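First comes the structure, then the notes that go with it.
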Amino acid sequence: MDAAPLTSKRRTGRWRLLPERGTISLFELLLLAICLVLVAVPLPQYLQDVLIQTFLWAGLALAWNIAGGFAGLISFGHAAFFGIGAYTSSILAANYGLTPWIGLWIGGALAAAFGAVLTLVCARLRGPFFILSTLAAAEVVRIAALNWAALTGGAEGFSILPIASIANMVFESKTTYAALMLGYFLLIYVITKAVEGSRYGYYLFAARDDEEAASAAGVNPLLARTGAMCLSAFLAGIGGSLFAQYFLFLDPTHVISPELSFQFALLPALGGLGTAIGPVLGSFVITPLSELLRSYFGGAGAGLHLAIYGAVLVVVMLYFPSGIAGALQRLAERGRKGAP
Amino acid sequence: MTALLEVRQLTRTFGALAAVAGVSFSVRQGELVGLIGPNGAGKSTLYNLIAGAIAPTSGEIVFQDRPVAGWKPYQAARAGVARTFQIPKPYRHLSVLENVALSAMLHDRTVAAACESAQAILTDVGLADYVDAPVGNLTVGLLKRLEVARALALRPSLVLFDEIMAGLTPSEVRGMTNLVAGLPARGITVIWVEHVLYAIMKTAPRIMVLHRGELIADAAPEVLVKDPAVIKAYLGEEMSLA
Amino acid sequence: MVPCGIPTYAARVSNGTMTTVGQLVFSGLLIGGIYALMSIGLTLIFGVLRIVNFAHGEFLMVAMYGAWAMTRYLGLNPYYSIVAIVPAMFLFGIVVHRLIVMPALDKPHLVVVFATMGLSILMQNVALMALSADLQDVPPILGGRSFTFGPFYAKPELLIGFAVAVACTLGLRFMLQATYLGKAIRATVQDGEAAQLMGVPVPRIFLITFAAGSALVGLSACIMTPLFSVFPTVGLNFVLIAFVIVVLGGMGSIEGALLGGICIGIVQSLSSYYIAPAFGQMFFFMLFLLVMIFRPAGLLGRKGEATLGIND
């Protein structure tokens, strides 16, 4: 599941080919280069949209992974954090004129607070009990948002004023949005790598793998987990704010939906839970694919891309539980053994 | 000389069953104390109570002159109490090195330093060859040694060993016995639950016997093997210590 | 989603608050029994296999479409289609178990979670593609009039449904206590390894239980089709209700599911009328979260189960 474990044979001073805990690999640098090029190069509007979504989802998947992959807190309710972030910054901007550049931190903080409460309240729950609780909590948020129409606009939705300006965080050029989303994704990637190779990261892995043993080794599992969920929720909330500034329209049915929550979990699961590169690969593969399917099959194939996701998820989970990242790692190991 | 660990009238009941009933003893700094008794005697419960995994129903636990009954396992670890688990509980997704390094991280604040400490300890317990092995491949005997390594990596002042000899070959038993016997000299006090009697009877100068939750004996091995109560409860017949 | 029937009955009663409350509780009781019937399969599967089947709602959806289709194209009353739907769902359960559940059982727990989630998404969207998203209804079977049951009114479909739910619970309890299969199932619930050592064919018990859970969903679908519309994502509404009921009643407890279902039915009935239909759903999620906080084992569940989660 995780990135390749640290071994005593760490060759120092040499570049790694594939992603590993605690170092940057050539693969990651190459990916970074490709991303920068894609942002800089002029692309048709449609492809720029795909790029923006891909980067956003890479960030969101990485955020989920901190709780779900690293800490073992599998959540099917992350859309609630996303929605809290999105609505908070948008409502603050509309009602108080607060610039989203500040509002997004507040949204993130609110989402983090919600995450902390959820984790503490569900502290003793494990396995499916915890998962169901996240589902229920997200539904509570969605229904609340739907019915508190005075604040959120309810089912009719909430529009963000499309007046382009830096202070409003609304841009005319899609390239700027792509850069913004890339920045978001890169920031979370750096945070993820930092956590993965840190003492705190190891404490999360230990608490996830065997809570009793970790506790006997000096880890406070509840504190570690709550911290992970807070960070995860915070980052997801910021993603929600960025999404609001791009999409310019919010409504609870689409923004806090179980389908969206599922997407949060699907991308890391397919890409490789518990690794840093996994959620990124998941998004880079699935997001463009889903856009492709959506445009190719159009309205007639409503649900086809989701049906394919479902089928792919079943197959991948049963036969490639470590996802794309795991498959790459196995290839690398085979290569290493073959090399003289 | 004050005791490192003192246990007074410690009791833990589960419903109508008293798993540990009014147990009292004290262990001084630098002692090596054995703890034996038939299955179901309450040894694991006693360990769980001392190490903070469960809270007592009544009684006191005093560690380094501090009352600590009902503390959490991570508090115990940070205070210097380490324990092994009878059924090894390794972190399945981490390597052997990382398993031990995790414990070392209590004192070593960077991952690199923790790995170095871990490497040294693994060599100490004879697991140097398995440092990079995935945990899933290890046999029970090796996993037990991993448990010992993880406990020692915490740099404890008191360590609670739980049947660490099971599954070891006679030469491995000798090696492990030497390791345990050497711990008091390193400043580590040891309480040692063991079923492999010949190892513990020859090494520990003092042995406590638990039976049905009660401490029925607490003496040197030579005295114990003649104690009729101990014989009846556990040994079965008089044992020679040759 | 508001089930049809409940606000209508409350509105019909005109003799003052007491009777309204009474009628609401009565209607809630009946619909709760039906919700329970839908949840028994889920709780049974959890009790024996220790997994949550996230595709439970889609099993219901498929069976409901089957019952509806038999009415629409063969003129068969949904109660008669039980004869066809229940065995069909049993077979469907066998197939899903063999293909998806069994390979996932020896892997980390999240594999079965994601695999059944994936199945759920797959089934929902295949239905969406193959059938229209329109709500499909079955015309009233038994005349469409209500019966008087003491001082209360109830649709016959509700009464029949409730009766079937109670009968099912009693029947299952009898089967579990008195037959070898039942004892084998109970042994597996208590300690799968020990049961296997005693000669219980645990893998086959898993298969039978999963298929039986699926068949029970089929039964409840036939009961529910006269009362609810069916559409491709209907499963999502009901599966959340089923989760709440199962947790409330205690995962693995059949009587707990009945009790839990009745509680939920009554809570929903009262809150839909007195507060607002939309908030009705929010209420039982909050109830769910409260149960999780204060008594995660549920009303009749085994204590400590939720804190142990699944044996990984």
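Which chain is which? They are A, B and C, in the order written, and residues in each are numbered from 1.
Rule of thumb we're sticking to: contacts are C-beta pairs under 8 Å (C-beta built on N, C-alpha and C of every residue); 3 or more make two chains touch, one makes a residue touch a chain.
The structure displayed is predicted, hence computed values, not measured ones.
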Furthest chain, CA centroid comparison against chain C: B
By raw count of C-beta pairs in contact, what's the busiest chain pair here? A-C
Could you state the distance in Å from the CA-based centre of chain A to that of chain C? 33
Cα centre of chain A to Cα centre of chain B, whole Å, reads 43
Taking each chain's centre as the mean of its CA atoms, how far is chain B from chain C in angstrom? 49
Please set out, as single numbers or ranges, the residues of chain A touching at least two other chains. 1
Show which residues of chain B lie in contact with chain A when the two form their complex. 51, 53, 72-74, 76-78, 82-83, 85, 89-95, 97-98, 101-103, 105-106, 109-111, 114-115, 119, 131-132, 134, 150, 154
Touching residues of chain A toward chain C in the complex: what are they? 1, 74, 76, 121-122, 124-133, 135-137, 139-140, 143-144, 146-147, 258, 262, 265-266, 269, 273, 301-304, 306-307, 309-314, 317-318, 321
Counting only contacts in the complex, chain C reaches chain A at residues 46, 51-52, 100, 103-104, 107-111, 113-115, 117-126, 128-129, 133, 232, 236, 240, 243-244, 247, 276, 278-279, 281-282, 285-286, 288-289, 292-293, 296, 306-310, 312
Parts of chain A lying in touch with chain B, wherever the complex brings them together: 1-2, 5-9, 22, 197-199, 202-203, 205-206, 208-210, 212-221, 274
